[in-house]
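Shared between the two complexes below is chain A, which has chain B as its partner in the first and chain C in the second.
So, the complex of A and B:
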């Protein structure tokens, strides 16, 4: 039956090639699309993870609290797994004033390790090494018209610290997002505490070595182990701490499935047409086969085999090409868009260089669609072929 | 006409086959219509958000302010803007300020506006969800999400501080516009208060101008030719932030994809026509031996392909426009847009997205008919051009 199906496909090489080509193209495009989108999504999330750490400890019900006093806490000592790093961060709003100019800023107090992590963003100058030194977003420095060595007065009322502090600019940071760059002021944690809340932090960031982007199960285990040691505090994974991003994750799978489905419906309709044409051309032949004793079930099987062979070979070719291109994408790629557009996309946290990702899930989704399409497209032509009356079919004139 | 009649009869000879290939064309037509409607609807929602809520259809400011939006580059004298298409204009003064409620401190951009002028210009005054719009100095209206963050309610006082001054203002209104920038970051104060807070002798930082929809770029361009030296006007598309790239990037990605869809549909049509031609080679040979030119036969095949795909196109247009009508009148994408606004509150996205509904989409979709006819001429048509009538008439 398999051989017969194969031979039948080769009898109309042009049509088989066109239909198979469409299926292969759809499989190829689906893999390409999934790889690019997963890469973009990963980049988006990786940036978030880098900024927040794997786990965050904050005060309980922080969402409902507004004043700095109830939002900050004295950092407790935590029993962490080996290699894990914990950093205290204190964040608050303020006004940076230089002469007649002022800009609203987010003051972020960081431990030396946290400040050192900003090295990659450093555009000019160095990291703060002493009290009273600050890193400014480049856009903020431009707006305030200050440079390295200049003084910025930060006014931050509403806390229970000094409320006013003078910093010397020692470094300028280049963030992908201009709106973030325009309000970033990073200072040593002790300075931020003196300004806003002595001895306190607004969050603890925990970074765990060797954990991938979506290793959420391992994070849950650490989280469970930490929970009993946190009185009045709450530990969350980086995704829980960003609920909007967490809501996007399941939505992403659905949207991708719909997108790929749109391609495959088209391929399925074209395949359906091809199988039906093939049936119409061979009505007399099917009648003869039935007359010679081939059961309706076996005729149905023949049509299915033709569909599966055509889709199978095409899907393999498409997948081969798709995986080859994906390997290239996995090494890093730029979206084929004008430079100004890529720069604008950076404003949403999407870096210019992305890394394609194809997981088993994505490959199975594509294969699942291909198999589904082969099955559905063959159903009706197969049914019609299996129900042909031999005598009538042999007399059939198109 | 007889050629058309003949082609139509041939298309109807195989009703089931025609129906099947029409399915492909229907699908592609619906996809083309919907995607165009969605992309244009997205663009329109951005224009609406920026022109009516976030900015204005046209904004005039000093060239220096466009580079460095600081009150230092504000307007000491308000320019006289004359253009027949200007429907309203009003000065605005934007400032960076610290907002202090009894519980919380947050930075933001304060928009100093003329309360009455703003009514003629923007939709924000009409989107007050609680309380009322500004009427005099000493008042502030906030985006409702910002008010939640600041934990401030109607009647309470909010301190607005700049490096040059501070004012305690009464919260008189909360705005819910369904546009991220307004709801999450909108701070509207009386122009007089903003002037005081700026600490400079400026009257405004820019002038917002209302012009008819679709005329923003041309009015800005024409204004630029007559504006006093140092002033520059920008239309709404130039006022958009990075979100414009998302819209234009989407067009760059999806429009070629639609082209590919149409090509594949045309290929499906042609492969059916090819089988139909092969079945009728003897018929064509007889017709040719009766004096029909091969080119005419090829034209008939192209016409058959066009008619067969035309049937699908008509059905697709009915379905596609039905879908567009529904999505242009119902907020189907609302939940997705609300999530996007939460994710990117300062991108200028609107919480609602309605697809656009334009007759021209039908013209774009009809390209599939032209493509089908062209491909039919190239492939099955070529079969007829090389036909040897004697060979087929004999029945070999």
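So, the complex of A and C:
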């Protein structure tokens, strides 16, 4: 039966080649697409994780609180796994004044590591290295008409610190969102604390080097261990702190499955066409098989064999090629995008070099689709072939 | 017990509002080892009768018994099974699968029955030899003449060692020399191996050595000759 199926495929080599080629191409492209997409997805989430920290400690119900006193706290000592890095951040509102111009700003006080993380956004100048140095959003600097080396005075009467502080602009930041850029003032943490709230922070960012991007279970464990040591404070994972993106994560698989599914619909249609054509051409042969006593079930089986053989061989070839290219991508690749799009990418802080990722799940998904398509495409031609009346079929003139 | 028993069989085709009575009350008995020709003019009902005997179709009225089985009692797939296991069929044309060699075609029924490769090839080769085709076992149908193709079809039926072989105008696409040669081969198989044959033809020149001739006209048996 297998041999018969195989010979029937070889009998129309052109058609089998085209159909198999399309199936192989679809398998190949699916793997490529999955690898690239996972690479881009990982890059985005890694960025998010980098910006947020693995865990975030803030006051309870911080969403409902407005005054600086209830939003800030004295950092407690926490039982963290070795190697964990804790960074305090203090945020508060203020007014930046230069000569006769003023603008409301969000003052963000950060430790040196936090400031260093802004390197990618830096448009001009350098990072603050000493007390009294500040980074300004470029739009804010324009509004205040200041440049590198100029002085900006910041008032923050709402806090319980000095309430006023003078900074020298050492760097300008370029954000993708202009409204953020027009409010951004980043300074060393101690300066912000002196200005707003001595010794206090509005959040602690905890980074756990060595913990993988999607190592969510291990992360939960650290989080649970922290909980009893936090009075009046709340700890969240980076995903909980970014609920919109967190909601996206479980959809990832579904979205990928849908995209790849669309590729396979194409493959399925072409396969169906090939199988149906070969049914129409071979009506008399199917009639003969039925006439000789082959049951409908086994005639259906013959059509399925032909479909599975074609798809099987094509899928293996496509998969081989796809995995080879994936290995290349896994070593890092640049998105083949026009310059202006890459520009935007960079503004978001996304890396230009991505790393392809393919899991067993993705490979199985692609294989599953191939098998599903082979099955679905053969269903109707196989059914028709199995229901042919032998006498009529043998008289059929194509 | 006769191999074939046909009792008062009527077959009426209904289609497109027209009724065609193809068989009107046919009675026929065939015993094991007979060599029978079914003759009659075009449209007399030869094919219809052979189809009923092969279980490819069911009679409108009456009974068809083959090998002690009442075919009307069987489902479509059970009738297919009877064909596969017990009846050898040779059709007028397009008997062979073009992608298989003569040997593979001759072994096809045995393959469908699940006979192991070595055994089915041995039996198919013996059948091809009996039909003078041993040398052409590796050829594909397109490399064979029409007469050779029909002989391969007979070999396929023979290799399966059926209860009987039904052949509907096996010589229709052959010239009279090749047609006669085919009938001679079948006759020899009947004589030497005791294979029961029932075949149809409308060529009287082929009937010289046929033992029993059943004449069909307008859907009824009008005469029978024994020689």
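Please note the rule applied: the second predicted complex is superposed on the first by the 309 of 398 C-alpha atoms of A that agree within 3 Å, B and C clash if a C-alpha of one lies under 4 Å from a C-alpha of the other, contacts with A are read in each partner's own complex, and residues count from 1 in each chain.
Keep in mind that, in the parts below, contacts are C-beta pairs under 8 Å (C-beta built on N, C-alpha and C of every residue); 3 or more make two chains touch, one makes a residue touch a chain.
What you see is a predicted model; the values in this text were computed from it and never measured.
Once the two complexes are laid over each other on the shared chain, residue contacts for A:251 go to chain B alone; chain C is not touched.
Of the two partners chain B and chain C, more residues of chain A are touched by B.
In the superposed pair of complexes, A:394 makes contact with chain C only, with no contact to chain B. Look at A:143: by the touch rule set out above, it reaches chain B but stays clear of chain C. Here chain A touches chain C in the complex through residues 1, 3-4, 7-8, 10-11, 284-285, 288-298, 390-391, 394, going by the rule given at the top. Residues 51, 54, 56-57, 76-77, 80-85, 87, 89, 91, 94-95, 97-100, 104, 108-109, 111-112 of chain C touch chain A in their complex.
Listing the residues of chain B that touch chain A in their complex gives 17, 20-21, 23-24, 27-28, 31, 68, 70, 72, 96-98, 100-101, 103-108, 149-151, 161-164, 199-200, 241-242, 244-246, 248-249, 252, 261, 264-265, 267-268, 271-272, 274-275, 279, 336, 339, 342-344, 346-347.
For chain A in complex with chain B, the touching residues are 14-15, 18-19, 22, 25, 66-68, 92-95, 97, 100-106, 142-143, 155-159, 179, 183, 244-245, 247-248, 251, 262, 265-266, 269-270, 272-274, 276-277, 280-281, 335, 337, 340-341, 343-345, 347-348, 398.
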